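The structures considered in this document are given below.
Look for chain A in each of the two complexes below; its partner is chain B in the first and chain C in the second.
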Partner chain A sequence: MVSVINTVDTSHEDMIHDAQMDYYGTRLATCSSDRTVKIFDVRNGGQILVADLRGHEGPVWQVAWAHPMYGNILASCSYDRKVIVWKEENGSWDKMYEYTGHESSVNSVCWGPYDFGLILACGSSDGAISLLTFTGEQQWDVKKISNAHTIGCNAVSWAPAVVPGSLVDQPSGQKPNYVKRFVSGGCDNLVKLWKEEDGQWKEDQKLEAHSDWVRDVGWAPSIGLPTSTIASCSQDGRVFIWTCEDPTGNTWTPKLLHKFADVVWHVSWSITGNILAVSGGDNKVTLWKESMDGQWACISDVSKGQGAVSSITDTQQSEQ
Partner chain B sequence: MRLKEIQRTAHQAWSPASHHPIYLALGTSAQQLDASFNTTAALEIFEMDFADPSLDMKLKGSLPTTNRLHSIVWVNFGLGADGTGGRLVSGSENGAITVYNVEAILGSAADAVVGQSDKHTGPVRALDFNPFQSNLLASGANDSEIYIWDLNNFNNPMTPGAKSQPAEDISVVSWNRQVQHILASANPSGKAVVWDLRKNEPIIKISDHSNRMHCSGMLWHPEVATQLVLASEDDRMPVIQMWDLRFATSPLKVLENHTRGILSISWSQADPELLLSSAKDNRILCWNPNTGEVIYELPTINQWCFDVQWCPRNPALLSTASFDGKISVYSVMGGSLEGQQQSSVDKISSSFDNMDPFGMGQTLPPLQVPQPTAQTTIVPPLKKPPKWVRRPVGASFAFGGKLVTFENPPPAPAQSPQPVPRQVFVSQVTTETEFLQRSRELQAALQAGTFVHYCQAKIQSAPCDAEQDIWKFLMVNFEDEARVKFLRLLGFSKDELERKISKCLGKNFQPNGHGVDAKDLAEKMQLLSTERADEAGAVSDTGSTSPTDFFSQIPQDKPSFQIPISSDTDGLISQALLVGNFEGAVDLCLNDGRYAEAILLSISGGEELLKKTQQRYLETQKNSISMLISSVVTQNWRDIVQSCELDNWKEALAALLTYAHPEEFAPLCDTLGGRLETEGTEKRSLQACLCYICSGNLEKLVECWAAQRDCSSPLVLEDLVEKVMILRKSIERLRNSEVPLQSPTLAEKLTCYAGILAAEGSLATAMAYLPDDSHQVSGTGALVFSLHASRCLPTPLIRTHCKSYVLAGNVRTYCTSYVIVRAYIKGAGYNWCYQRNLYFSL
Partner chain C sequence: MEKMSRVSTALGGGGGGAVSGRTMFCHLDAPANAISVCRDASQVVVAGRNIFKIYALEDERFVEKLNLRVGRKPSLNFSCADVMWHQMEENLLATAATNGAVVTWNLGKPSRNKQDQLFTEHKRTVNKVCFHPSEVYMLLSGSQDGFMKCFDLRKKESASTFSGQSESVRDVQFSMKEYFTFAASFENGNVQLWDIRRPDRYERMFTAHNGPVFCCDWHPDDRGWLATGGRDKMVKVWDMSTTRAKEIHCVQTIASVARVKWRPERKWHLATCSMMVDHNIYVWDVRRPFIPFATFEEHKDVTTGIAWRHQHDPYFLLSGSKDSTLYQHMFKDASRPVDKANPEGLCFGLFGDLAFAAKESLISSEANRKPYPGGDRRYPIFFFKKPDLTEQFAHVSSALSVFETGLESGRMDWFSQTARLYLLSGKPFAELCDHNAKVAKELNRPQVSTTWTMVRIMFSDPANPNLSLSAKLGALPLMNSFSMKDMGACPDMGACPDMGACPADRGKEGRSDAAHLEPGTSHISNNDDNEETEGSDGQAEYMFGEAELDDDDLYSVEHDNPAEDQEYTLPQEAFPLRHEILDNPSAPEPLQQDKAESPHVSGGEAEATCLTPIESCSLISATLPLYSAHLPAGFFCPVVRDMLHYYAEQGDVQMAVSVLIVLGERIRKEIDDLTQEHWYTSYIDLLQRFELWNVSNEVIKLSTCGAISCLNQTSTTLHVNCSNCKRPMSNRGWVCDRCHQCASVCAVCHHVVKGLFVWCQGCSHGGHLEHMMHWLKSSPHCPAGCGHLCEYT
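Presenting the complex of A and B:
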């Protein structure tokens, strides 16, 4: 069952492009073609406008909340080629950092796992991906992967800090050996995996299956199981679920979740990683779940925040 | 940003939108010669591989042609199932229209030309295919010739109506994008004619009063059926006019910015607010035709570009064909040209031999290619973000099973005064309806204390007998005389048994009591032992069949007797008795196999002797009931639970329920359960669970239950938690105190359970299940727990958890602690330094 518990009237003056809840699910950040970012307090079904952040000079594509451990921090990226990191200090929101190192629209921002500190990945239409790391004292270290996706990067998503399966076989007394990894999708129809080695970012894998722009990628949260999972969606209407059970992370297998009639813009995993929300160009939002035998089934069609949920078995029966 | 480039003097056609990968077809242009005065002609197909950062295009197929071209289109007709292939149609300088099979060109097959017609009398400059019926193609040439071709029947073209007079060249034909039978044609004199193919006549003529429009291009609006644009090649009037057929007297809008005549226009099908134009002022502009604003100027063009085209598949790309013999592909999304410029410089430079080309004995300096400064600077993207980058919809999950969604309604008509509501929905996603329902029921029962009622409901709805048994056992715990009721559940009823015994004794009376049914004997033995203080047979009624009387009858069988004093056993016994040496007499009896006498004598000989005798008797007996008798008599139940056949688990449990002391009862039940469990079958495991329920051992119950099942599924977990919580309540009732949940397995399961509850949005309930000593939780459960729990626990509580955890020395492994502490810290969001100190103190 998907039921609306709060309808937030954002008063944005143009298209909304992203809406994200903070870590605790108490605040909502939205961004729009009207060049603003807004933050609402949505506790107990309310909708109090906390901040109206102006600073971008073009449509704002995405917002991302940093881990609350570092304070109340929000990153936004825009067509104006800028990335702005906003911070709440004594109840008021201000710019903490502005990054202008991209040469074209910045389409995606994603904070890395908190284990790595404050680190932000940004994907741009100039084909590059920037990694911005807060080094303290208002200093940010910038690393840039040029030409990550030749004619533009549309999406970035970090891998969980926990190495797959590490909770299962971690020898006691050892600190888990974390590797920074993330996935990106671009206009070259590719999904690429990146890995930091000796402080350098390297292309780790190149996943080919889509026949048009990859619009979004999402690395599923780890619940300690030894499988890594990534979802990718594309202009070609297809959504693929990529899995890797190989501990070295080299063998990724795609599984077609579904081919939609229209472009698929966005994929989002639930916190427990068992449900995938897919949003398409026909204004359709669908929820997908993997059955015990590894098949993906649509469990819900969400329209205006409402929808019924069918169990997986029902869905399969109706399909047969 | 320039992506690809090749030296060709050619007309171009992109592959259709369905085609993957993206191809570009190039056909040698007519009336243009390159510097080598090469007069050969060819049709070539290149692949645009954008994963390859170089400027090179990959040649995929080529075909020499006899004619040079004025126009070429790639038609959707005859596409393969995967959207590839199709037809290329070219119009040449001598009036020929040729249809090529793309597949054949790519495969270098001989039969690439699938149709050709010389119907036109002059150069074919205009070609367009119908967007609705891809087999229909319109062509225009000189002398007002317009033909409609059907690719299914290529040899007999139709005309859209009578030729317009006076006869003129047709420079453009264009199909309407909304109404399939509407075609427009335009000529250099500036007139445009709209034809209705159903009526087979022109329906409207558009003409500017200035008479200066020299139409080089005409396009229908991609979305508005009545609008079209005309581009003028005349240097005196280098404009684009936008017309609406509803007011066809003067143009709706005039786009002015070019300083010399416009050569080519292209309207993006992906975003009607993007119109490209190239002109003789060497500029390529992108307009928003709705506002008349120039929103982009393509950099780096130093030459007339006679053809510009949006890529149908990748909306950010366009190709240009210029008179300096270059075909280039650009992206309008901006970006740096630096990298690629550099590589082209290197290429030019390295194409000369720097070492010593003139044999002068000295190396030349590297070639300095002058770089226009504009090329190295950053090229800004389109001023107006194109439609295809504006994400209209989104759905993102948030903590607690919440889903945040938004959708943007299709743009309302511009006149609409009502502002569009821009809403974001926050929804609760619950997928485990049954799980939540059951957890609510459980929670209600736990809070209201209506356990018996809850158990009864469970018994009624139990899907199988085993489940029903378990709930019956659980319910008994809440009732008085639990043990008796357990016995009854196991199938042992005291009343029932007494009836059976009476029946048995009435029918098969046997003085020799060996070999009777075990229960029977047990009963007898019990009576014996309870009444052992009485003198056996002191009072009796002859003929009575009661067990007590049975024993008392024995001495009455001999009315008179003599006392033997011989030296045989009998004699020795009587002598021993006469002197009161009970021990000796009993020894003698036992030695002679006279067990009954031995027992009788030892009763008189005192408690100690009786015990000894019982023991010696039992040692000699090796039949099936002796163990039971032995246990009953010696009160040693450990032997039973440790060595009975597992099939007799019920009997063993019954014996425990009947006899075992309260303090021994639980460990003995556990031992029995443990044995059942080790067999590993599902049946035994259920039986073991019953044992654990009797003993009230939460931990064992959880372990045993979990060992047989994959508890990752919410409902299976719910099954377990229901039992555990109910059992816990019953124990609390018995002990009158709270029962802590100490077992790591249990804590982990509850954590998992709380995790699912949290994910389904039941945060408060989830908190109720979080174990107090959650630091013992390891593995996945811990992570799920921390992910969820840490977010809903109030900060002071986390601090307490965290502190107590750090202070507790009993951490299981560093790893676990790391994960948990990390989780707490993560959730807390308070003073990080303080936490970090704690953390490192680990």
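Presenting the complex of A and C:
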């Protein structure tokens, strides 16, 4: 059912922490403890190294592609407390912006939907979430939500652009008035929703269900869906699907997707938002789909299948 | 001085046994500059500009034992930049003073002031003092003035002076193994190696860092290894055993490195702290230079001094800080960035593929490559050496794979195929439906295909000769399933007109789909063959899918329109037939009613029970006239609306939008504008992601939503000058508001241009494309007579 179509030789010298495909699915960005970010062209099953971005001084935790209407832009965040925005111009990648406003490791970056402009959310171990907005001409506007998650924020994910009320009456050419929202997960075991009101970011909802650090959150793309859906996964092995059918966005109901035996590190939605990929501490990826009666069922699992991982070495080192 | 040796200390010797304790701290009166531990690990001395104290390390807390800073107005000699406790002589301490003095302290002195010797030979701040590891009376100092001095503590002045011929000395360290050797690090980035017996010239010098080298430390076990730390944020490990110092490891930290200390009993580990920005203490495994092995994050200001509590105990680390605290860190309480680090990366690709990066230990991959050194794979598993846990930390790599999920619903190939092949306009409604049904079937999406067929049946005009339903019905008397017959009919129908049309349509799209076409068409014919041979089996499946889909909706419709049910037989047929194939043992209420009304549909068990075919046929032909006559146009709309919602919810917004466009006015009013708009924008977004610009444009063009169809106008801006007054046209439209002339007049024929209008960007004159082309063949000048040499590109 599942087959490896491509094994990418990244030649990273240390652990890879994130891999992200770009908007068109043609390029893959990876980041590693070895401080580098690499971009591969993966068209037609190939794997050509396009760029090797060096600039971070610590492990790079996450990368994020911006919408291509703003150019080829990639953001990366690192243990070195920095967020770097890279831009490709005339075939070469350069730093477009470097943000150093966090006091601890920056764990997650996520670009907002293109309708919001070029806006980046960054979650850090210092507990704060920064929102960086490109205002043109090398200028970035910085808004910071302090103490968003006590101990630290591990993940951020934007809500798709939704317009309150009808678009039809909007005068053409004028930007519609979007409500900007995103979700974050942190070391306080909470999933929090944030909303911009009058230019200020406010906590909109606090979702409690996890009993350990929330590792990743993913707001599902809304392709024809009337409801908002968020997936969250945690150190406690649980994955929850949060749904909100209420148009005011106030009532969110959790549904336990599954309780895994190990830490769940990632959740990732398919493009159409109907399949959820979950990766856990056992180096396995499972795919989940909601059935007609609203139950989530595992439709496939992807063992890494490389034959290189043996069970004895999977244990976390506990050397003192 | 002799009296100093081996007398019991004034402090009355502390623990001396096994080291125990916990993570703890105490407040100091002032910021610390340096700390040092006595040999038996029971006491620690803290020195700073305004502090010089000895604390006893008890299990639960620090206890202040002695304040060495005595006198009402302490001299500058008490202002310490560095301190070192002798590792053999437990009463002996040395400090480096900021005024350039080197002071030794004898704790065995009975007086309150323990100051012993005072050397005031350096002219500037002394940065570092260092006792010889095995020679009791030998003390080395390094100063900002660029000199290093070696003192024999039995004499009143220095025994020898070493000139670095360089900038300030930041650190001096006796080699642990080579008796006569010491290393000195300098502000200009150099490290020098000296023989204590040869003060005239260094043995060796090399450039270790860019900018100052703040610290160095000899490996306690490996005689050749020297670690250096610099302002360039690097820690480097040098192998000095060869003739040229060789860099064997390099760790890059996030701030300048102020102190470096090898960890006892751990060959690869060293601790560092920084002098600015970063307040943490890091323990690195030099083999994994990217991520700290452990960090201690307690200090609130710069950490100035670090010391391992006992030279053979790797679990206790002491530190002093500018935040005026003294800490004892337990290794088990350290935070481990690696444990928090995410070992996996996961991403759903656009085409439903998955990129997955996961940690794999080098140990296991090495095991694949070669046998264990000294071991043999033939030995039973329990002979294998238990993997060293530090090894596990040190060698980590990740494998990155791209997976194909292989799920029909997960992969997105069908999406772009479908988008390209669907016909949304330009043909009669029924043909569009048939074409699209065929496309869906070709892509192995029976449910979608059937839906298209259903849509056609529900909304097409039965009088349309193309369909000739009744004729075919008559010709296939055994077919008791309405849609089965349609499935059969549809390829037949499509075969003649559509096949011919297909290449042209695709050609219009400007896509290189010719390659797809050939296998595609053959595929269709394959399908046809299959259907002919396999007969109803496959189709029953199709119907099953459809029945599943619309089951509930259908019931509700029937509930809504009980009266109509009685009257119009066609819908009854369309619906119950599906239930026949569904083979539902517990037929719901409406069906029962149907049974009573029209016994021919009650057969339920499909062909096996074989309803009288003639009856079914005649009935259909009889109802056909009723179809157009009585059924209100919107009769099926609720069903279709629910169907569209269903598809959208399943993530197949393509289907929703395609049906929406093909049905056009028939269904548009049924679905609220906002939903439609949302579907359109979602679909257009997807199309653009798949780089299907032509399809996306077609969808935008065909959309009936105001907000969508105006998309094409908002994306392009055209700046136009008035051809009359040559000023920029400010408002929309083609009338200049300055000269009130129509700006789009052809310069050749003087008529207003409708359609293609071409103009010169230089003089703003222009006109009909063909007129302009014709004109420019004969003359390079502007036809308006302005004399401009027009250029068209």
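Simple rule for what comes next: the second predicted complex is superposed on the first by the 287 of 320 C-alpha atoms of A that agree within 3 Å, B and C clash if a C-alpha of one lies under 4 Å from a C-alpha of the other, contacts with A are read in each partner's own complex, and residues count from 1 in each chain.
To be clear about the criterion, a residue touches a chain if its C-beta (ideal position, glycine included) is under 8 Å from a C-beta of that chain, and two chains touch if they have at least 3 such contacts.
The model shown is predicted, which means the values in this text are computed figures rather than measured ones.
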Which of chain B and chain C A:59 touches, first, second, both or neither: both
Partner chain(s) touched by A:150 [first = chain B, second = chain C, both, neither]: first
Chain B versus chain C as contact partner of A:190, first or second or both or neither: first
Touching partner for A:228 - first (chain B), second (chain C), both, neither: neither
Contacts of A:287 with chain B and chain C, given as first, second, both or neither: both
Which of chain B and chain C A:130 touches, first, second, both or neither: neither
First, second, both or neither for A:42, with chain B first and chain C second: both
Which of chain B and chain C A:6 touches, first, second, both or neither: both
On chain A, the residue positions that both chain B and chain C contact, one per complex: 1-8, 10, 12-21, 23-25, 28, 30, 32-33, 42, 58-59, 61, 79, 81, 105, 167-168, 170, 172-173, 222-225, 265-266, 268-272, 275, 277, 279, 281, 283, 285, 287, 289, 299-300, 302, 304-306, 309
Touching residues on chain A, where the partner in the complex is chain C: 1-8, 10, 12-21, 23-25, 28, 30-35, 42, 57-59, 61-62, 79-81, 105, 166-168, 170, 172-173, 215, 222-226, 265-275, 277, 279, 281, 283, 285, 287, 289, 292, 299-300, 302, 304-310, 312-314, 316-320
Contact set on chain B toward chain A in their complex: 1, 3, 20-21, 50-53, 313-314, 316-317, 331, 333-336, 339, 378-381, 385, 389-408, 419, 421-431, 433, 755-756, 759, 779-780, 782-784, 787-788, 791-792, 813-816, 818-819, 822, 825-826, 828-829, 832
Chain C residues within the chain A interface of the complex: 233, 252-254, 288, 290-291, 314-315, 331-332, 337-339, 341-361, 363-365, 367-368, 387, 389-390, 392-393, 396-407, 409-410, 412, 548, 647-653, 656, 673-675, 677-679, 682, 686, 689-691, 705-707, 710, 713-714
Touching residues on chain A, where the partner in the complex is chain B: 1-21, 23-25, 28, 30, 32-33, 42, 58-59, 61, 67-70, 79, 81, 103-105, 107, 114-115, 125-127, 146-147, 150-152, 162, 167-168, 170-176, 187-190, 211-213, 221-225, 236, 265-266, 268-272, 275, 277-281, 283-285, 287, 289, 299-300, 302, 304-306, 309, 311
